[in-house]
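Following: one structure in structure tokens, then a few remarks.
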């Protein structure tokens, strides 16, 4: 513990040095406690995340997350390069959802520079964002069940659908995962009618996949026994801790930026926002399943109403781009929650300050609160239900 | 939602001795912010959270900004009074118009650290209200009040600001390094941070990289 | 016609199959040559030895054959498991490894061989500060106990390595000792995950030992013997001349079989009860610090244990080596046993590919609040079944009804209690 | 020896077929076609370990998702016998460094490598693991895992496609099959002069200390003046 500013009033006097590995602690708790370091290499921490867990038997009496094992200096690099050059880096923030990261960044820059976006581009962005939401939520369901101990079977079927969506992304942007597709004032390329037909086909088949997935999993007794009542989060704590996305809505708070901010062309679509009542892991899982069904509705409407026109604002200037001095905070409803970009321009080609508001990092704030009193096995699925991607948590 | 000026008026009525300044945003985003003096920051934040008209219960984004010392060259328009007529004025002559000249003035702005909070309301679904707090200068230890007791969402984000900018938050329950390791001494997001020189030659014509190479290899190695 | 009384005391088996049985005509009068094939082969090997040495030589051959047969079955099972998992998951599974030296791809059949070669040649690591002796002994102990359990299972009409009077007791005594080995492994590794796994393993194995044993008691009660051979013989009759009288086809037998099956899933650390080596929670549990061939031994012991428990389930409830239909009796009994064993193992793998894992408290709750009471009630039901053995005519369906009700009622009640508060939910949408 | 001569391929006429017979792979294949099996313990050993490469269940960043994708149904790394992703380094043969290695993570990666039993292999998957990739200029990013570990296979890409990982795995298998267990280029675990444990760097005040393992990696010198 070398940090000079840590006050002694904080309940944790744990060493945070990664060199200090597991050891037993004897302090004010009764009985012997076992301190276990889960991560940074652990099969179910979803990357290089570390939790220092203090156990009383199997019960968790303390849990301290440790971050930074994937701190790739995204913000510093963003300040060292031009506005456009940061776009591919945003792909690698939350590497499951490059399309929504792109969009959030594009929205922030468009706000900063007062850039208009053609209508067709707005529709294409909605289509891509909702496809990304399908992809993310499907993968999440698979990973969550993997954490409960399925031998990979649900994950395999989730990835089967993921591959179909990635095929679409690849045929549109040229890359499976790192699409780098949005530009300031529109999109990079115009989707062809064949591509749109392929999307239509995927959307039509997705409901069937969800039905099958749900029939096999949502009613499974073991899944229900493991997830119902574990990791309960109260709405008040969720709001105070800045939790966003499906996790917040699972506690019953109605806050969806697609409705609240109404960015893009979302106000034109009819869709509902599912809300949970218990705030437990099962609700978090089910809210995502229900959101996917709403996404399918949005996709149907967007594909139906897609207007003709330019995909990129002809007045948009992506190279040699120098916005006027000022600042802007742009945010969208990413699959994991509110993803925002805060930019300060000083008139130069590089942003003076480039900040990412990562949803999964902020959502992790309440990890300890949700895990206290639960068992190790629960901590694993609670973490899984938060839906973190370390590229975004550590940036 | 009320405008930021109205909020400021109400805050001043409540906290008469608070230092509150509305910082305009010159860009097209139209997101002005409210600069709050350190002593009242926590109570003002609590007021903003609990006020029934505002209910800013959700602190979305917390970030630090490092403003180094800068020289700003400002163009100031100045009206030069017409020179006093040397000869008795010819009443028939046209009146001398005052002359407007532009001159460039260098202004030194001392550096400071700034923490920006983006506040929204989940209950009333409005926002953002942007709060800023500033240190007086860039000398260490820089210290600002923590808003974690008001919004739990600030906990990790303020730790991150501490880690990367070196701003100590007084009142933060668990202020430790979060992204870098504990033995690390620098604050890498500061503008004057110099990263360790582990440069490795790479075949690129990129100017910045070549500059770095020159710094790394001060004397060119013997030619082959 | 009937055997003299003296003889029937000496040969309880023979009396069970005595000519007094009305079904004697259905059964083959004498074993076919195919049936006797293993014994013939053994005779060729040891026949030339003096009679006093033959016993020793036969035992040695039995041991070697058991180990070799099950070791090769283990190799096949690892491949089968990966293939079945692949089939369930919509992918081919291992299919590359060419046969050594031939470059012949045979659907990945050589995969276990490659794994074996690699495992044998891996570096063996013992962590600093670990208990070296126990760390070394744990896999050996586990394997030894697993092999012991294999000894008492009758693999065929004439094939049982160790025909004890109390072989069922022997089986469970040896099987219970594996818990010790797992705990040794967890404790000796000096790893916190291993220790947690060892504690889990103890809690789990001891909890499930009880329903496992209790589900066997009805069989012993009905068969009137602790000998596995006798239990199999008792299931060798036919209702109406063609329906096998395996114990699983009675109400108490079915319940007992299900309890036994679930408990044996837990006893062999198989999904959904694979908590001691729960990958997503405890890295690899008690195996975390084992590398190379020691790890392979653990793996092997797990499969041996699985085979033993499946074999016991087949013996106790599924009629052992008996053919399912009278006219199929010409197929040698050991093939029937192997078929049933493989089918049960396949179910194990199918379950592994399908189910998520339980939590440790839910696991023990399932044992103590569901399986143990059910097994006890089943014991009572068996007593009723035994007392009403002479009910005939219209009383026969009544007997079935009462027995089924005695089990089904508590089953539903206990099951509802187990899943209290759980269920599908409905969700509202924001206005 | 006479058999190899009877298989009248041009390769057998070389000096290899004289004393100290050590046939090349082509010669072996040719002999095999004629129904002659030439084998040795070496070949059995290499065959075994090349067909049973179990990776460590260890993901770092973006590439980890593609690594998972490679083990999923469409690409199915199981075909090569490598779907057994072991969570414990003690049972793993292959360390796939899949993604950006930060300076904070580097000591842990090296610890994991040290915990793996020999023979073990390392794949640097993706631009970041090779050189730091797009994040190379970052202050917390290690500029290539080969500064600390001996890497067998480099797979370029950001991230590499799952097919690329499969190709890398096949290359690794070929590399293992070609290894000679005796002689000067025998693998690391059969040599007495190289240890299997690599030094783990310490967290320093500004950087990792040391910034590289000199036994594995030397900084390239600037090949031109300027």
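First chain written, first letter: the chains are A, B, C and D, and each begins at residue 1.
By definition in this document, a residue touches a chain if its C-beta (ideal position, glycine included) is under 8 Å from a C-beta of that chain, and two chains touch if they have at least 3 such contacts.
From a predicted model like this one, the values you see are computed outputs, not experimental measurements.
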Interchain contact steps from chain B to chain C (minimum; 1 if touching): 2
Chain of greatest Cα-centre distance to chain D: B
Nearest-to-centre chain - CA centroid comparison: A
Averaged-CA centre spacing for the pair chain B and chain A, given as whole angstrom: 28
Centre distance in Å when chain C and chain D are each reduced to the mean of their C-alpha atoms: 41
Centre distance in Å when chain A and chain D are each reduced to the mean of their C-alpha atoms: 34
Distance from the mean Cα position of chain C to that of chain A, given in whole angstrom: 46
Multi-chain contact residues (two or more partners), chain C: 89-91, 279, 283
Junction residues of chain D - those touching two or more other chains: 57, 72-74, 87, 104, 139-140, 203
Set of chain A residues in contact with two or more other chains: 17-18, 42-43, 68, 71, 73, 76, 152, 156, 160, 394
Chain contact graph, described as a line, ring, star, complete graph or other shape: other
Pairs of chains in contact (touch as defined earlier), listed by label: A-B, A-C, A-D, B-D, C-D
Residue numbers on chain D that touch chain A, as the complex places them: 57-62, 64-66, 68-69, 71-74, 87, 89, 99-100, 102, 104-105, 107-108, 112, 134-135, 137-141, 158-159, 161, 202-203
List of chain A residues in touch with chain D within their complex: 17-19, 40-43, 47-48, 68-74, 76-77, 80, 88-89, 92, 95-96, 152, 155-156, 159-160, 162-163, 176-178, 390-391, 394
Residues on chain A engaged by chain B in the complex (per definition of touch): 1-3, 5-7, 9-10, 12, 16-18, 67-68, 71, 73, 75-76, 111-114, 237, 239-244, 253, 255, 260, 323-329, 331, 338, 340, 342, 344-345, 353, 355, 357, 361-362, 364-366, 394
Chain A-touching residues of chain C, taken from the complex the two chains share: 85, 88-91, 192-193, 195-196, 199-200, 271-272, 274-275, 278-283, 352-362, 419, 421-425, 427-431
Chain C partner contacts - residues on chain A that touch it in the complex: 22, 34, 36, 42-44, 55, 57-58, 145-153, 156-157, 160, 218-226, 228-229, 254, 256, 259, 272-278, 282-283, 286-287, 290, 375-378, 380
